[in-house]
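Both of the next two complexes hold chain A, though its partner changes from chain B to chain C.
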Partner chain A sequence: MLKEGQFRNLSGCAISGIFSKDGTAIKGDKIIKSIKIMHDRSNGLGGGFAGYGIYPEYKDNYAFHVFYDSLKSKKECEEFLDRHFEIVNLSKIPTKKVASITDEPLIWRYFVNPLPHKLVDSQLEEREFVCRCVNKVNTFIDGAYIFSSGKNMGVFKAVGYPEDVGEFYRLDEYEGYCWTAHGRYPTNTPGWWGGAHPFALLDYSVVHNGEISSYDANRRYIEMFGYKCNLLTDTEVITYIFDYLLRRKKLTPKESSLVVSAPFWSTIDKLPQNEKEQLTYLRNMFSGLLITGPFSIILGYEGGMMALNDRLKLRSMVVGEKDNMVYIASEESAIRVIEPNLDKIWSPKGGEAVIVELNK
Partner chain B sequence: MKIDALELNFHQLNNKIKECQDEKIKIVNCCGHRYLASGSSSKIIEIEGVPGNALGCYLDGSEIFVNNNVQDATGDTMNDGGIYIYGMAGDATGYAMRGGEILIHGDIGYRAGIHMKEYQDKKPVIVVGGTAGSFLGEYQAGGIIVVLGLNCENKIPVGNFCGVGMHGGKIFLRSDVRPKNLSDKVVCKIADEGDLNDIKDIINKFCNIFNESYEQVMSKSFYVITPNSNSPYKQLYTMN
Partner chain C sequence: MSLGYVYSEFEVVRDIQKCINCHICEKECANEVHSFSSKHKIMLADDTKCVNCHRCVEKCPVRALKIVKTNHAFRENGNWNENLIKQIFKQSQEGGVLLSSMGNPNKEPIYWDKILLNASQVTNPPIDPLREPMETKVFLGKKTDKIERDENNNIINNLSAGIELNTPIMFSAMSYGSVSYNTHMCLAKSAKELGICYNTGEGGLHKDLYEYGKNTIVQVASGRFGVHKDYLNAGVAIEIKMGQGAKPGIGGHLPGNKIVEDVSKTRMIPKGADAISPAPHHDIYSIEDLRQLIYSLKEATDYKKPILVKVAAVHNISAIASGIARSGADIIVIDGYRGGTGAAPTMIRDNVGIPIELALASVDQRLRDEGIRHKVSLVVGGSIRSSADVVKAIALGADAVYIGTAALLALGCHLCRSCQTGKCNWGIATQQPDLVKRLDTEIGTQRLINLINAWTHEIKEMMGGMGINSIEALKGNRLMLRGIGLNDRELSILGIKHAGE
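Right after this comes the complex of A and B.
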């Protein structure tokens, strides 16, 4: 089968996110209800969810969610995991038969910790070690794909409409402080299990509506730092860009938003001196990470969520608030369906990041 | 006739509207249903809830009243009739509109009135009570867009790149301050009595529908933006 990037066909998708600032547990069925109302934005070729705070009993272990094409790839991957990690728990991810979800791969979950001597020998910081191992599996083990690798969070995705995907993974049995969701309308690239959103690395996950015109410039830049864009989808590179800027370069989420969705030079020129200096610095320093083309994205990370539009705002996004809850979606209807009485609702401007984090 | 949209998808709801013989229709529990009343010509439709994208697209004479907010592309390519929104509107409202009127009490998103056009007696009008996002009237070729900036904290009630690519029609901004950063392809001046005559009737209607004071609205100065015939788009990109 020709995979992502091997042929080209344009895009429309749906995204939704829910965040509870005081950490109150939100059940997975709520986000399903939200994304379901935007059914017509997707075409059944991809749906997925990311939940944060869903594995409290294993919160100190990395949770790997893995797709296997065959038992052979499973065996090969498990041998690799055994050599590099202590496996605290492993199981099939519980699923339910849903008529519209077919051809599923083997879907396994491992709670792991890096083996101490391997970590010491590698001379790497722990998260960098995990990141490289994930990269290695996804690049070199044919038919194995670690699509979720953070702590106390997990990605669930498949080919199908998002509401069916949510039912397939029994998301009503999970609860967490943050959920993001995606309904896919793949038009650039074919729909396959690995190509569904969210795309995740460590605790960073991205759901994306749009199409990146700067994809190849971004890919070439980010691959200089060891990332491998082996799924050849535009969204994958956004995840790596945020991992690079937030984890490795230690930028704040706000600063990272000014890199990927930087204002025009003509807008920067008219700003006060200190803002102008900051924006000029960020644009010059990370010029290869400016993302152009239409997008609205929701980035999930440990303890937070950030929504961002391209600077021209070529995709829709609305934000609603009610007490401690924050809702973000492609359409207002997807918020109203789960919270009809909002305290506030607004549309962020192009390039204006909306960042919500757990109350300290 | 009252239609409950709760259990209906957009296709079923639109069919019910089309089949309905009554002139007046009220839709309740609307949530994200797209293309409502598309192409419709002789109805008065009231909507409770949030209708989906492209509300009243190709509208041809009907009137639609929405008690809440609307999403994107409201009145896409509408030809005649009116859409009256008590809340706010999303992006690309009045996209390629060619007749009729859209009145919004609240704010409006990006690219309102993009590609709006006029021909003979067909003159589309959009009035925004609040503020408008960037690219207002992008590529505007005709018709009138008015932004009132009521209860607006910003001095200028519009975002960046207003009237970019404009080559027809008029944009009115109610503001004490001249909008900044306009392209040299448009001219901007304080509206005189002649200009204001173009919008008095529609503002009166706006004030009546949304219960605003006409005197208060008209008490502030308006800037009017029109294409600059001394600086045409000649050879903007390439010789040809």
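Right after this comes the complex of A and C.
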């Protein structure tokens, strides 16, 4: 049977996100509680979390979370990291035995900084350098997979139900200003931890529910710019699209939402001239990055979170607010279970981005 | 000696019991097939002159006529088929180059027919175009690399001039001269109504048609017929024609009898003189020269018109396309070997060039491998026969398609493949005033509008089935395609999987 990444993997899912606008620390068990109630939206074949603000003591270092199949691949990867980075700290990621989580790979964490002379020689901007190093490891070092590479954030994922995955990684011991979670319902059988979600690159992480019909149009477009879609999943290509638009093209999160979930021409035609021009430009310029088919996604990034639906809203997604807290989930129940007394709860329209950022 | 005689290909069958001797068939046939026998008081037919265009059949008020393929036969031979034998008879009689019209009719593989489309089931809902918006608008032209902003942080529109189409279909180049005034009028009017473009071909632009400029692509070809400053500025874009799918590597020849008064004025050549386009552009012997012509045309039009470069699909097409993309062209047009023509040497038409499906797939992939696909748009033609072909072409990677033959069929062409005679009974490929007026421009325009609207509706249905609600998400989306009955090599060139995979 083919491994994950060797076939196109379709999946349905549950997603959830919590954001604290004033930066108040949220403990990891809260997001576990939220995703757990949507148990039936996953099938035990993948679950994961992304936490932001969880490594304040290493906030200026890139935090690499790595899966290894063997000690050999670990040795090979560490040699590579040694050649390119200053390793500030390294350790196993603490885990706890959970009956339903089995076959775990070696799971390591490194806090690193690019070696200054390597960075200068590469003639690359620092984040591009890190991004390319991550891609190199993932593509060329057999059995090594860097699944988290941002600063002051981390992804934790595994094959299993999300609540078990959260317990396995002892997320109750972490706290941060933002959490996202994912429970997976793939229609093919994945056997690989790297295939679980969130999918992350640098500080961008994506959890996604849906099946995009534009996949191959998006993939073939984004691959022109040096990205390699190794996993053949929607989430992977969506993450690359946001990395391209936000980091490389310097669009704002709002503008990037207008590219991937663009308003219909019939809507654009009714807008004032200036807005019409901007939207027409974005649709024309990035036509290969329009995403169609059902999706709801939560994009996490440094200091912010964006939730977005497809243009027709073919996947459920609700947003709730209470004081400085913002909650987003596939189902209202996943919000009510952690915050029963909301100030406000609503269902964003198709293509309407909900963007929350830390108060300045 | 009677060696020159070849039994006619068709027989005119007349039901004498129905025929009322009204002589309409006689008047309608420019080939002079029908005549009245005063001795026998019946209409007769000279089968040898019949081209099987169905004009008489459709005009016969009592439905007394039909045309059948003759069952007169040569001795069967798997190697020497009837066509080859007849060609030899004809050439040994006349000593000339064989001429043919319209596209290659031979039984080579048609890849469109070996590609199947996807539809959504369960994991992803199909979308109903009658109830949800379904978008087919397309922009052709190059995209920039850099986002620029003004002092208010608004994005500045730094895209160069392009073409906007309501649906990804255009009418391909057919020159005034090879086709009639009325044909051009129908193409221009319907293009305007549909929000798409037609193409003047290499015959200049009749002064009456300048008002349709927003829907016109003007062509500059090797003969430079009808090219002047106002002409270049008259349309929305300029197409440099380097080659044509029906006759790659050779020029064109419009016989003097088609160069009537108006055609002569429009082409800026003497009346009655043959219009001969050279095989190459004599100022373009290399890719650097092409760049110079592209920029000359841009200079002449103040950088307000995108430049299309049209080439025939030949063996090395992906490298050629890559060269064109790097030469300043905004849009590349690739014309497949099945593409139509008013006249081409038969041997060239039937033996030179490659199928558009393969050319498109390899060009699109090559431009992506080089990271420049977004810097140029890709339009394909030759031959696109239905809305399904359009959908497949876009999923393989085209931005839009050109249709020529399909548009002429809508206007009444019956594909008799005799355009080179100039005696088109349907008023399309002719300059004889009595024949030209048979094409009613109002009816013709409406029929073209109907055709494109019908295709667009079908495209929307197919897209909706795939769960796609905008054409840009279909572009290059090869996972939506599967091959049937194709070998590994063909699948790998097309970049698609086989059905069942």
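Heads up, the rule we're going with is that the second predicted complex is superposed on the first by the 348 of 360 C-alpha atoms of A that agree within 3 Å, B and C clash if a C-alpha of one lies under 4 Å from a C-alpha of the other, contacts with A are read in each partner's own complex, and residues count from 1 in each chain.
The definition used in the following text is that a residue touches a chain if its C-beta (ideal position, glycine included) is under 8 Å from a C-beta of that chain, and two chains touch if they have at least 3 such contacts.
In this text, all values refer to a predicted model and were calculated from it rather than measured experimentally.
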Superposed model, chain A: greater residue contact from chain B or chain C: C
Chain B versus chain C as contact partner of A:350, first or second or both or neither: first
Touched partner set for A:126, first chain B, second chain C, both or neither: neither
Touched partner set for A:266, first chain B, second chain C, both or neither: both
Partner chain(s) touched by A:214 [first = chain B, second = chain C, both, neither]: second
First (chain B), second (chain C), both or neither touched by A:332: first
First, second, both or neither for A:278, with chain B first and chain C second: second
Residues of chain A contacting chain B in one complex and chain C in the other: 266, 312
Chain A residues touching chain B - in the complex, by the definition given at the top: 37-38, 40, 266-267, 270, 312-313, 316, 318, 331-334, 336-337, 345, 347, 349-350
In the complex, chain B residues that touch chain A: 10, 31-32, 34, 49-50, 52-53, 69, 71-72, 88, 90-91, 109-110, 133-135, 159-160, 180-181
Contact footprint of chain A on chain C as seen in their complex: 120, 123-125, 127, 132-133, 135, 137, 139, 143-144, 147, 154-155, 157, 159, 162, 368, 371-374, 397, 466-470, 472-480
Sites on chain A touched by chain C in the complex: 8, 10, 12, 187, 210-211, 213-218, 220-221, 223-225, 249-251, 255, 262, 264-266, 274, 277-278, 281-285, 287-288, 290-294, 311-312, 314
